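Sharing a structure here in structure tokens format.
Letters are used for the chains, namely A, B and C, taken in the order the chains are written, and counting of residues starts over at 1 for each.
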Amino acid sequence: MPKVTIDGHTIEVAEGTTILEAARMIGGEVAPPAMCFYSKLKTSGGYCRTCIVKVTKGSEKDPRPMPKPVASCRTPVMDGMEVQNKTAPDLVDARAGVVEFLLINHPLDCPICDQAGECHLQDLSYEHGLSKSRYDFKRREFDKIDIGPNIKLHMTRCILCYRCVKVAEQVCDSRVHGVLNRGDVSEISTHIEKALDSDFSGNVIDVCPVGALTDRTFRFKSRVWFTKPVDAHRDCKKCCGRSVLFMSGQEVLRVSVRKDTWGEVENTPEGNPGWLCNECRFEKKSASDWTIEGVRNIDRHSVISQNKYLEVKNLKIDVSNQKLIGEKAHN
Amino acid sequence: MGRKLLTEHINVPGIRNLDTYRKHGGYETLKKALGMKPEDIVEEVKKSGLRGRGGAGFPTGMKWGFLAKPEGVPRYLVCNADESEPGTFKDRYMMEFLPHLLIEGMAIGSFALGCRTSYIYIRGELMYVFHILQEAIDEAYAAGLLGKNILGTGFDFDLNVHCGGGAYICGEETALIESLEGKRGNPRIKPPFPAIKGVWGCPTVVNNVESIMAVVPIIRDGGDEYAKIGIGKSTGTKLISACGHLKKPGVYEIDLGLPVEEFIYSDEYCGGIRNDKKLKAVVAGGSSVPILPAELILKTAAGEPRLMSYESLSDGGFASGTMLGSGGFIAMDEDTSIVKNLYTFTRFYHHESCGQCSPCREGTGWMEKLLHKILDGHGTLQDVDLLWEIQSKIEGKTICPLGDAAAWPVASAIRHFKSEFEEYVRNPQNIQKDRHYYRVNNINPELV
Amino acid sequence: MSENKEIKFSEDALALVSRIINRYPEGRQKSALLPVLHIAQAEFDGWLSPAVMDYVASLLNIQSIEVYEVASFYSMFNLKPVGKCVVEVCRTGPCWLMGAEDIVKYMEKKLGVKEGGTSADGMFTLKTVECLASCGTAPMMQIGETYHENLTLQKIDDILDGCRNNVTEPIAHWRKNKIKA
């Protein structure tokens, strides 16, 4: 089993493990950010370049450093490899460059974006971004479109991570959307307006790292940090029926998959990704449709736990606090 | 006088046709090769020191040696005829006049690598060359030089031409493979490399047209003979596409190691600069490589004469050197605006970025916009610094080399011609006065 | 234009498509997509409507989105109607050095269109394109399959007159050149 050292932490991992996966095993700050990689989607990753790391020693056998930063999500570890993530200032600078590229055409309409609070790009710009944009040209814009009754495509916000395309390929029974055009005018589209009507198409919302694909049934209902997330399940013939309900009082505002520390869909006890079918996601909007298990332990990407917008010091979820906030918002 | 290993018969009338080609020794080398052991052919190519002629200069024999050979899995040789690098037009010229030389090289290469089917991927815009190649392939099939049991040796081999649809990025080998599979030309993330997993998941070698053609004289004369030509690790002959403000632009076959000065000024080659103007700058290996001012292209920083070779052109690193690249040699006279020329290059890379990875997708357009702003007379000195910063943030951060290719021209133009950028910023009123480019022959300025 | 036309290739073109598919291993018929799109464009007035792309998808037994993705990636495929002759003037560095800007301006004036536009009589669509590997014979333009090199204004006049008189072949080369496979 190869041993790899990342930012001074050494770990032994299985053959074929990528640098990013190894870093996630170590955890915390050592794990590079990832906007396009999604471990539950095959062939994902490599595009956004935010997870780049510096390989200062290739391996025990060939200790030469790699000449360029590598995408940690697609580079397998070698025995004896040494990697720098947070500890190399030039790498951090290079990553800041990537973040700037991702932001130059991003609308920064967070105040009206449903993803705000759960947005990975928000986290990333908070950590690496400049306070003022150096891009003084007109930003790229696309029309908002509805791809079906339940999903809103706000292409202007998209960072072309390809995750939703991979969901359509790997989770849905057919694919009607894809990446059209080329270069910086590439867009996620169905070309001629079509609905994403596959049973599992709603999962594109959960994999989207930004607010490009949002749940129309939740649109403008509430800021996510004013909701109370609970774990719930129901018997469903199509999917695992394991969800998080974002509630306000007794009202179910939104249904989503359960996400892990890295913002990815959690596996079911059987070990399969816990994708939700559209019926569970969009139609079961009554608390009585579900068996509620308890308050959700919120992942690290959420403002609810990060408290970037609320001045609450405690990083751990505080149930009483949640309730309070939720009630306040809807009274 | 340089040797003409590839272009010896290019001016023979009718050389495009099989009969004429055979009269001049065509397919004799294939006959010889089919009598050799495949591994001996690979060995000869290794001995020749041939380096990939598409731009990267990676040793061809070594690339062939990397090809995985799992049992029961087909392998493919794919010819990269997606010639799209600005300043480069040698492959088009060679295929147009000597299609059979490419077919012969493909057959020899495929035999050496154990490929039973191979493809020539030609850019879609060159559809008329596609037809020329297809006709030549048909001729070769009819003559038993392709297909079943070639020349009675028991070697079965099919050769196909495949056309692209207009995308520079498909010259990158993994994008080319994607395109050959009928997909968008998005470069693949490596590893795995094509030698392990290429087209349709099978081991694949992708070689440039000129590299494959060069295999024919290498096998005919032997790798050692080929390696005698040239200088150091730059062996053999190289086709140079000469263009820009030269008296005699065109495709020249040179012995590697020819002094740059001789190439530009001697009557045997480019014959000097048009209208006897002074040389201002040269892009020596296609638009992607760093631009050099006249004094650095003619002599290295150390004062040595600069030679047309991989090593000499890159002498001094990017601080004072450049690269041989694809051999697209673009000369600019004293009146040329380096900034405007750079703008056309940057616009090109912006247009051709596939859009997969963020630095290239977003950075190329940003650089184009900044250059446009400067040319419009609205630039600031900060914009020039920002351009430098953007290119440095693209270089080395992308999936494929297009990011580097977009960054290097910007970096080198600022490195060597910063005062020109500053002049555009400080005195924008002067920008419009000069057109800064060569006027179309006998143009009446009233007409435009 | 082609709204009422049945979306179906001619017999010749269909035979050609099946020969092209045979060049690739079994099950890899998607590889034929780019050549087939060129044929489709030649068959249907030089551009690819969604209906034509759907038809191509059915011929190759792939999903429509796979065709849209590819057709919109490559610059040679027109997703909007074009004139009978698509005039493509190279604008990249080496051609620019030799006066490509003059060529474009002259053409704009002569055809009465801006870059990207189609002349009022529907005869010409003027496009600027990136490097066509003709740098040694710059400036240059491509009309259909034909490269017109070392351009002068006089040459342009002759070429465009030729197009009008149908001497220079306009589009639909795939069909007319009887591609063999």
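Rule of thumb we're sticking to: a residue touches a chain if its C-beta (ideal position, glycine included) is under 8 Å from a C-beta of that chain, and two chains touch if they have at least 3 such contacts.
Keep in mind the model is a prediction, meaning the values are calculated, not measured.
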Contact graph of the chains (line, ring, star, complete, other): complete
More contacts between chains, A-B or B-C: B-C
By mean Cα position, the chain sitting nearest the middle: B
Separation of subunit A from subunit B, taking each centre as the mean of its C-alpha atoms, in whole Å: 40
Gap in Å, rounded to a whole number, between the CA centres of subunit C and subunit B: 24
Overlap residues in subunit B, where contacts from two or more other chains coincide: 167, 184, 351-352, 354
Multi-chain contact sites of subunit C, meaning residues that touch two or more partners: 66, 69, 73, 75
Subunit A residues counted as touching two or more neighbouring chains: 179, 181-182
Touching residues (chain side subunit C, partner subunit B) in the complex: 23, 25, 28, 30-35, 37-38, 60, 62, 66, 69-71, 73-77, 91-94, 96-99, 101-103, 105-106, 109, 129-139, 142, 145-147, 150-154, 173, 177, 179-181
Contact set on subunit C toward subunit A in their complex: 50, 63-66, 68-69, 72-73, 75
Subunit A - residues contacting subunit C, complex: 174-182, 189-192
Complex contacts: residues of subunit B adjacent to subunit A: 167, 184, 189, 191, 350-359, 361-366, 369, 386, 392-393, 396-399
Residue numbers on subunit B that touch subunit C, as the complex places them: 74, 83-89, 91-92, 117, 119, 123-128, 131, 134-135, 138, 160, 162-168, 179-185, 200, 241-245, 249-251, 283, 287, 328, 330, 332, 336, 340-341, 344-345, 347-348, 351-352, 354, 435, 437-444, 447-448
